[in-house]
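Presented sequentially are two complexes of chain A, the first with chain B as partner and the second with chain C.
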Partner chain A sequence: MAKVENQKNIDFYQKKVKNRKLGGSLEFTTSRFAYQLTSVLAIFLLLWQVVMPIAQGNAPSVIMIILTAVFAVEALLQMFVMKKIEKEVTGNEGQISDATRKLGVLLIICLVTGNLFMFIAGAMLVKKEKNLEYQLTIYSFLVTVLIIFVSFINLFKEAQVETFWLGIGLYVLYALLNLVILVAVNKYTFGKKPDKKFIPFAVISILGIALGNVFLFVLGLITIGKYRNKNEEVSVEWIDIIVRLFRNYTAVIGVLLVVFFISLSIGSNLTFDYDIAISNNFAARLAEPSLKYPFGCDEYGRCVFTRLVFGARISLIIGLISTIAPIIAGGLLGAMAGYFGGKIDNGIMRVLDVFNAVPSILLAIAIIAAFGVSTINLVLALSVSSIPGYARIVRAQVLGVSNQEFVEAAKACGAKNGTIIFRHIIPNSLAPVIVQATMGIGSAVLSTSSLSYLGLGVEPHVPEWGNVLKAGSTFLETNPYIAIFPGLAIILIVLAFNFFGDGLRDALDPKLK
Partner chain B sequence: MNIKTFKDTFTRMYRNSTYRIWLWVLGFFTVLITFITYKCRKGKDAFAGVKTKVREELDAQNLKEKLLADAIIQVKKKNEYFRKTASDSDVEKEAKAIANKNFETILHDKAKEIAEMQNIKEITMASCYSDLMDNMLFRIISIVISLPMYIIMFLFTRPIAKYATERIFMMIFVLFGVVWLVFTILYIAPMDASKNILGPTATQDMIDSWKSMHGLDQPYLVQLFRTFKNLITFDLGNAYQDNAPVMEAIGSRFPITLQVTFWSMVVALVIAIPAGIISAIKPYTSFDYIAMFFALLGLSIPNFWLGLMMILLFAINLGLLPTSFDPNNWMTLIMPAFVVGTGMSASIARMTRSSMMEVKTSDYVLTARAKGLAENKVVLKHILGNAMIPIITTVGMSFGGLLGGASVTEKVFNINGIGSYIVDKQFIPDIPVVLGGVVYLSFVVSLANLVIDILYAVIDPRIKSKMKNY
Partner chain C sequence: MKKLVALALSLVMMFSLVACGGGKDDEGEKVKITLLSYSAQEAATNILRDQLVKAGFDVTTNIQPDYSSMTTVEESGEWDIVMSGWTTVTGNPDYATRDIYASYGEYNGGGINDEKVDELIDKAAGETPAQYVATYTELENYLVTEKAYTLPLYASRGIRVVNDDVVDINTVKNPQSRSAFWENYSYVDASQNETRTLMMYNTMALTSLDPIQANDGSINQLSSNINIRIINMTEDDQIESDGSLSLNYAIAEGNQAFYFILRDDVFFSKVVDKHVQATDILVGGEDVVYSLTRAANQKSVASHKTYNLHNHMSNISVVTDMNELNTVKDSDTGATILETLSKDLATPVSTLVAADADVNNAAGAYQVVKVETGTAFPQVLYYLAHQSAGIVNKEQCEAYNSKFTVEEYDPNTHVCYGDPQAVKSGENMLYLSGPYALVEYTDYEIKFERNPGYMAGTEYAPKIANVGMKFYKDSTSAGLGFRNGEIDIMDSCNTNDVATFEKEGYHVFNYVRHATTYCEFNMAEGKPMADVNLRKAVMYAVNQEDYITYNSGLVGKLYSSFSTLIDTGNELKFDLEKSAEYLQKYLDAQK
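Let's look at the complex of A and B:
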């Protein structure tokens, strides 16, 4: 009996050790995720595009069969690599052999089929030592290539917008630049401190924000921050937070999606035709999904795919503004209430109680009912209804912080109220607000689409995701795809922000995990 | 309640400035008689005599000058430290204020000390009241005349009742605030309902007479006051469009909304609580990852899209369930309840997990296990029981969101509830309907929050024990 118990314990702990080893290996986590996703995709394609047409008596299209086969092969390859990594990591050596690492090249090539997760797995496998800079460059390259891929869908259209090839050229150049930066990263940044020669690259990277490439932007900031850090033994706090964030693979995927949507909403200005998104084309009325119109067309013959691409921009802008505005307003009110306390606190909180008593969607409906349907009113409505939430968080946070010794010390030194609030209290109470804001962008996108669905969001012709969905919901019986794809887009972006927010919370407060 | 409790409660309540006002308002005659007695007795009693004696004594000791000198040094030192420059007269003024205050405190303390030794009591409102209460006649008359005051005194002695009363009072205050807020938003609106109702061909005269019929030509404050009056009399006015009483329309639609909300809540709890418990007890397992992924997915799916997809799958493609809502057919309730419920269960499951994870490592859980308690009991009673507060908060908050957000789901499933009523009428905009609907829903949400707050006090022993000293 005791022996059995003992064996059980040993097994339990060995399993725990194994899991810890695997979980700590970036190569394994990325491989496993790529394997899971690729196989799900392959099975989905098999069922949806091959089995279902056969069941309905139609012949499945050849392209789809080939695509399914390709994904199936990729999934098998990824499984093989994953098993190998697992064996080597948990084996005696505890390290991945060079032969396995070379397999990473195969995985990288899979990017040609659009399999970005295998690309990530490959890029993580090929190189033995990976720092944050390396990862950032890889993700940035990936986003650029994805934008090029998405833009290439326009090639199936009859005509491309004039700036199409300019845009594609720009992005190809940018991808090459990315590779150059990757080489530079490998050469200069693996020491304790980035080499001086990397600084020009860092500056170029920061300029990447113009194309919406947040990864390179962060890379530039990090290297410069590290370079300027005088004491090598002490790490910079905000860089540590980013390092912790990038250790969490789900958060990375969230960030990747967010950056992809941001880049796409900037890149689409060059490579996508806004006319297709808004002008009527009755020849293509309610067209089925095809290579020309990947997500079909709506009742006015507008390409749903193009509308979604342009909708990303609107949703992101509305989400951002209606998150930043209430943070500023709510943050100020909450900080004042928490810091001064007493009558000011009471007064502010009672007013916010009134705002809080009205369910936020209803308040938004009332505001829009009063001021009419327009984008500005929508942003106003969303902002006003989320002020109390932020004020509450900031107030609670400030109440906690302002009782601490360093604030007392600042007061004793005779610092002014403004200085104490802005220099000491706000920076120290920011963490939960940032997390809430990240998730808030996602829920603002959700609320926007809900209100648009009710006809209370942005003007009907604007290709906002909720609007596209509303247009599709009338054809649910005959053309369901018009409603399905916008919904998926909304889910994807909200999910991305939620992943990001969750990761950020863990990164900002390691104690919570 | 015996007489002593009355006296003690009066003393405690009179100390609190807010309650002092309420004592005056609710028990005017009793407090007035007490006040008159107090004014008459003050200055003529033994305590006043002691005080004068002490004052003379202290004056003889030159205490005032001493205190002033001390205070001047203090103020000067303070200014020096903060590098402030102040004129001598300012310094003296500040110092005098401090010195006077100190003198009065010392005087009062000393007088009290001596009075206590000689067994003399200071005359206060409370002592006057307790003297009067000893009089049988006063007691009976007072209870008859100032019954409201005694009711509030009774509530004051029961902590939970006192808390609930205060909360209800706050709620009424907040509701008036809500009416003011929504009314003001609709009042300053550029949207004009008259054109939408009378049609584009309406002349200016028609518009004017329509406006005066609904009292829209009156000034802001008059209209606001009328709205407040309507709220108190539970009459939300008539709708612009069909002149039907708003209260009736809401009354007939609200049960439908409430029914959907209730079943959604049931669905949400049935999914979320077990999922959250298993995730928390076996964290970082496949179940945990999958459940939490679905929870995050549930937070990210727009409710109306999920509704549309369910209609597409179950109603159109499979033909299992009817598409639009019918109050007499419970089958039609399945889809709305499921759609809203899954959305809500996401946040509840996440909260259950994180809150239980926090409690799980507590010492008392270890103790419970160490004394050999069955695992089920440890999990359900000790861990879940102590993790309940944040979960209940989340449920309560999502109840509000649910009632508000119901408008979208109601639109998808064609439910004739209060949310879709507001949305339909807001295009005009039919101000009484929007105002009435929003206020009504806010009232229900506030009520739900109130119930939850009181529930805390009842279920959580920590809060209960804190309440005792409330």
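Let's look at the complex of A and C:
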């Protein structure tokens, strides 16, 4: 009996060690995720595009059979690679062999079929040493290629917007630039400090923000930050946080989706036709999903896919503004309340309590009902209702921070209140607000959509996601695809922000270092 | 390296320039139009916005959440085009023109103020149907073609969905203007008529059960089924006595006096303990005179909502002088009134009586009611067929309404005849002349029972014993209730739901109904739409086919609010070139 019990304990312990080893291996986690998603996709395609038509007595389309087969093969390949990594990581060596690493090239090629997760797995597998800079460049390249892919769907439309080829050309150039940066990253950044020669690349990378490419932007900041760091023995705190964030693969997926949506909403200006998104075309009324209209058409014959692409911009802008505005307002109020205490604290917090007592969506509806339907009012409505939340968080933080020695020291040195608040207290109480904010953007997008769905958001023809969903909801029974895709888009962006927020919280938590 | 940086920089700059600049600068000045509507008209608003944008206008939409918010904005004048709708519930063109186009019209929101329009409306009012087609055509040509005072969009059709497993669809009639009449309805299994409750739906709380105190969707249908009228309309809006309180009617020469000979087999019902009870009170000439006189008197009740329909009547009386009927000639045939009134009577008229108690048709004692209008106005018959001309019981009505004067009436303390709140709380004072009696009214449903004293033994006697109306939030949720079997007949539904109903095998009636959707132009001084060229530019930019396609072919073309009533042959032709031409004229005049 005792022996069995002992064996059980050993098994349990070994399993734990194994899981820990696997969990620590970026190669394995990315591989596993790619395998899972690819097989789900393959099964889904098989059921939906092959089995279902046969069951209904129709011949499935050849393209779909080929696509299904391709994904099935990819899933098998990925499973093979994953098993190999698992064996090698948990094996005696604990190292992935060079032969296995070479398989990564195969996975990278799978990007041609649009399989981005296998691409990530491949990119992580191919290279033994991976620093943050390498990862960021890979993701940036991936986002650029994805935008080119998504834009290419427009080729199936009757006509493309004038700037279509210009846009594609620029994005191809940008993808090439990404590769150049990748080479530079490999060459110059693997030391303790990035080589001076990398600085021009860092500047170029920072400019990527103009395209919404946050990855390159962060890459630029990090390398410059590292370069300017004088003490090589001490790492820079905020860079460490980002490194920790990128260790969490779920958070990375979240960031990837967010950056993709942001980049797409900027890139769509060149490669997508806004007219298709808003002008009615009754010839295509309620058209089913096809290559020409990937997500079908709504009751006015507007391409749902194009509407979603343009909707990303509106939803994200409203989400971002209505998160940043209350952070500034709530942050200031909370900081003042927490720092000064006493009557000021009481005064500010009681007024905010009154706001807090009104259900936020109700408050938003009331504001819109009073001032009318417009984008500015919508942002205002969403912002006002979330001010108390941020004020409370900041106040609680400030209460803790303002009693610490460094604040007293600052006071003793004769610093003014404003200086103390803005230079010492606020920077030290930002972390929880940032986490709250990333989650908040998700819920702001959701609230925008809810209000639009109720007819209180932006004008009905404007392709905001809630509006697109609303247009589809009438036809849920007869033409469900019109509502499914905007619904998925909303789910995806909210999930992405939540993953990102979760990861950020872990990265910021000093206990989880 | 520097080259690379320069290249990348220029690349990024180019991106930002192209991506942010985006727009074209060669568009020039556009005419700005503010389009006002409310949420229920969202689809039509969107289609119009799209069409106007395509015609080169700069359109801003202002979609208010509900009708009353929209009227507030409308009154403020901050709009150029407003969405509007009109349903001609009486079936006559006068009702479809006067209030909308006349300079004094209650619903003339755009400010049409044109003597010629007023004259034509008055001229047509004095004419018989045979004569007025030409006048209304002239009105339409002037109003729409020449002046573009109104912007026609589409004519809705009636849609009635029936659960044909339960209700015999051959017994369902679909009148164009008149409300659905229930006495015809019968189940597929006729033995259920006595036991099963026929369910329909309603979306709004009842405004009033006094026929003259309301004219809206909450009561129109039920009111016309609980109160009888002295004249009826056929399915295609022809005036007839069939199924009404009169056996025959006649129009006197000069189109100013109208005679009705009444039947004697309709008795009032009353409600005791939430169940119908027969009375021996005949619905007679005295009640008719009382009901119509109060309808024509603005001060008869506190909130008289249908005075505009009945103010044409100057005198209503019971005729006892046989000589009058023998001398006055019929306007159409030239025969005497008596001859017209006596047509197909079982027993010829021997005496004319005044008191209800003396009536006995079988013995030749008849009552004849005469309605006079101050000026020639044959269309008064349509108003007499409207639910608001329903006959109420004189004694019962006076018993309630004499307790206070109209001036001192306070809805919080006084109970007037037909007060829905009193009925709801159990004080059901209704003495009803129609085929059905309203026996119970709650927040969830309204219950009706057949009036045992309504033309008993004739083909007009109601077949189904119990009828109910269930309350739903809107037609979408009513549609769900219908598919769950909670209701048997849906008198209206969304055009986009029709496909679902048809797919599930329900019977969908699609019939002509005089409901129109059009736009008004803000022609106030200084407003751009005061210019006829701009109005025409807008009008020619409208393609009615889009509205028809959007509504799955369940709506029709429109030229004016009376297009569905009178075939003028006019049709709005979508023509972007003409639109551009008129727009140019407008712009040239502005310079």
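Basically, the second predicted complex is superposed on the first by the 510 of 513 C-alpha atoms of A that agree within 3 Å, B and C clash if a C-alpha of one lies under 4 Å from a C-alpha of the other, contacts with A are read in each partner's own complex, and residues count from 1 in each chain.
One rule holds in what follows: a residue touches a chain if its C-beta (ideal position, glycine included) is under 8 Å from a C-beta of that chain, and two chains touch if they have at least 3 such contacts.
Values in this document were obtained by computation on a predicted structure and should not be read as measured data.
Trainee: Taking the superposition on A as described, I'd like to know which of chain B and chain C A:G122 touches: first, second, both or neither.
Mentor: Once the two structures are laid over each other on A, A:G122 reaches no partner at all.
Trainee: According to the stated criteria, A:G334 is in contact with first (chain B), second (chain C), both, or neither; which is it?
Mentor: In the superposition, A:G334 contacts neither chain B nor chain C.
Trainee: What is the contact status of A:P463 with respect to chain B (first) and chain C (second): first, second, both, or neither?
Mentor: Neither partner.
Trainee: Which partner does A:A369 contact after superposing on A: first (chain B), second (chain C), both, neither?
Mentor: A:A369 sits against chain B and chain C alike.
Trainee: First (chain B), second (chain C), both or neither: which does A:G296 touch?
Mentor: After superposing on A, A:G296 lies clear of both chain B and chain C.
Trainee: After lining up the shared chain so the two structures overlap, which partner does A:V354 touch, if you call chain B first and chain C second: first, second, both or neither?
Mentor: first
Trainee: Is A:G487 touching the first partner chain B, the second partner chain C, both, or neither of them?
Mentor: first
Trainee: Identify the partner contact of A:Y174: answer first if only chain B is touched, second if only chain C is, both if each is, neither if none is.
Mentor: second
Trainee: Is A:G503 contacted by the first partner chain B, the second partner chain C, both or neither?
Mentor: A:G503 contacts neither chain B nor chain C.
Trainee: Considering each complex separately, which residues of chain A are in contact with chain B in the first and with chain C in the second?
Mentor: Chain A residues touching both partners: 369, 372, 455-456, 477.
Trainee: For the complex, which residues does chain A have touching chain B?
Mentor: 350-351, 353-355, 357-363, 365-372, 414, 442, 446, 449-450, 453-456, 466, 469, 473, 476-477, 480, 483-484, 486-487, 490-491, 494-495, 498-499, 502
Trainee: Along chain C, where are the residues that touch chain A in the complex?
Mentor: Chain C residues touching chain A: 1-2, 4-5, 8-9, 11-12, 14-16, 18-20, 22, 39, 42-43, 45-47, 49-50, 53-54, 61-63, 65, 494, 496, 499-500, 503, 545-546, 549-550.
Trainee: Residue numbers of chain A touching chain C in their complex, please.
Mentor: My answer: residues 163, 166-167, 170, 173-174, 177, 180, 197, 200, 203-204, 207-208, 210-211, 266-267, 269-270, 278-280, 282, 285, 299-300, 369, 372-373, 455-456, 459-461, 474-475, 477-478.
Trainee: Which residues of chain B touch chain A once you look at their complex with the stated criterion?
Mentor: Residue list for chain B touching chain A: 82, 170, 173-175, 177-178, 180-182, 185-186, 188-191, 296-297, 299-305, 308-309, 311-312, 316, 400-401, 403-405, 407-408, 411, 422-423, 426-427, 429, 434, 437-438, 441-442, 445-446.
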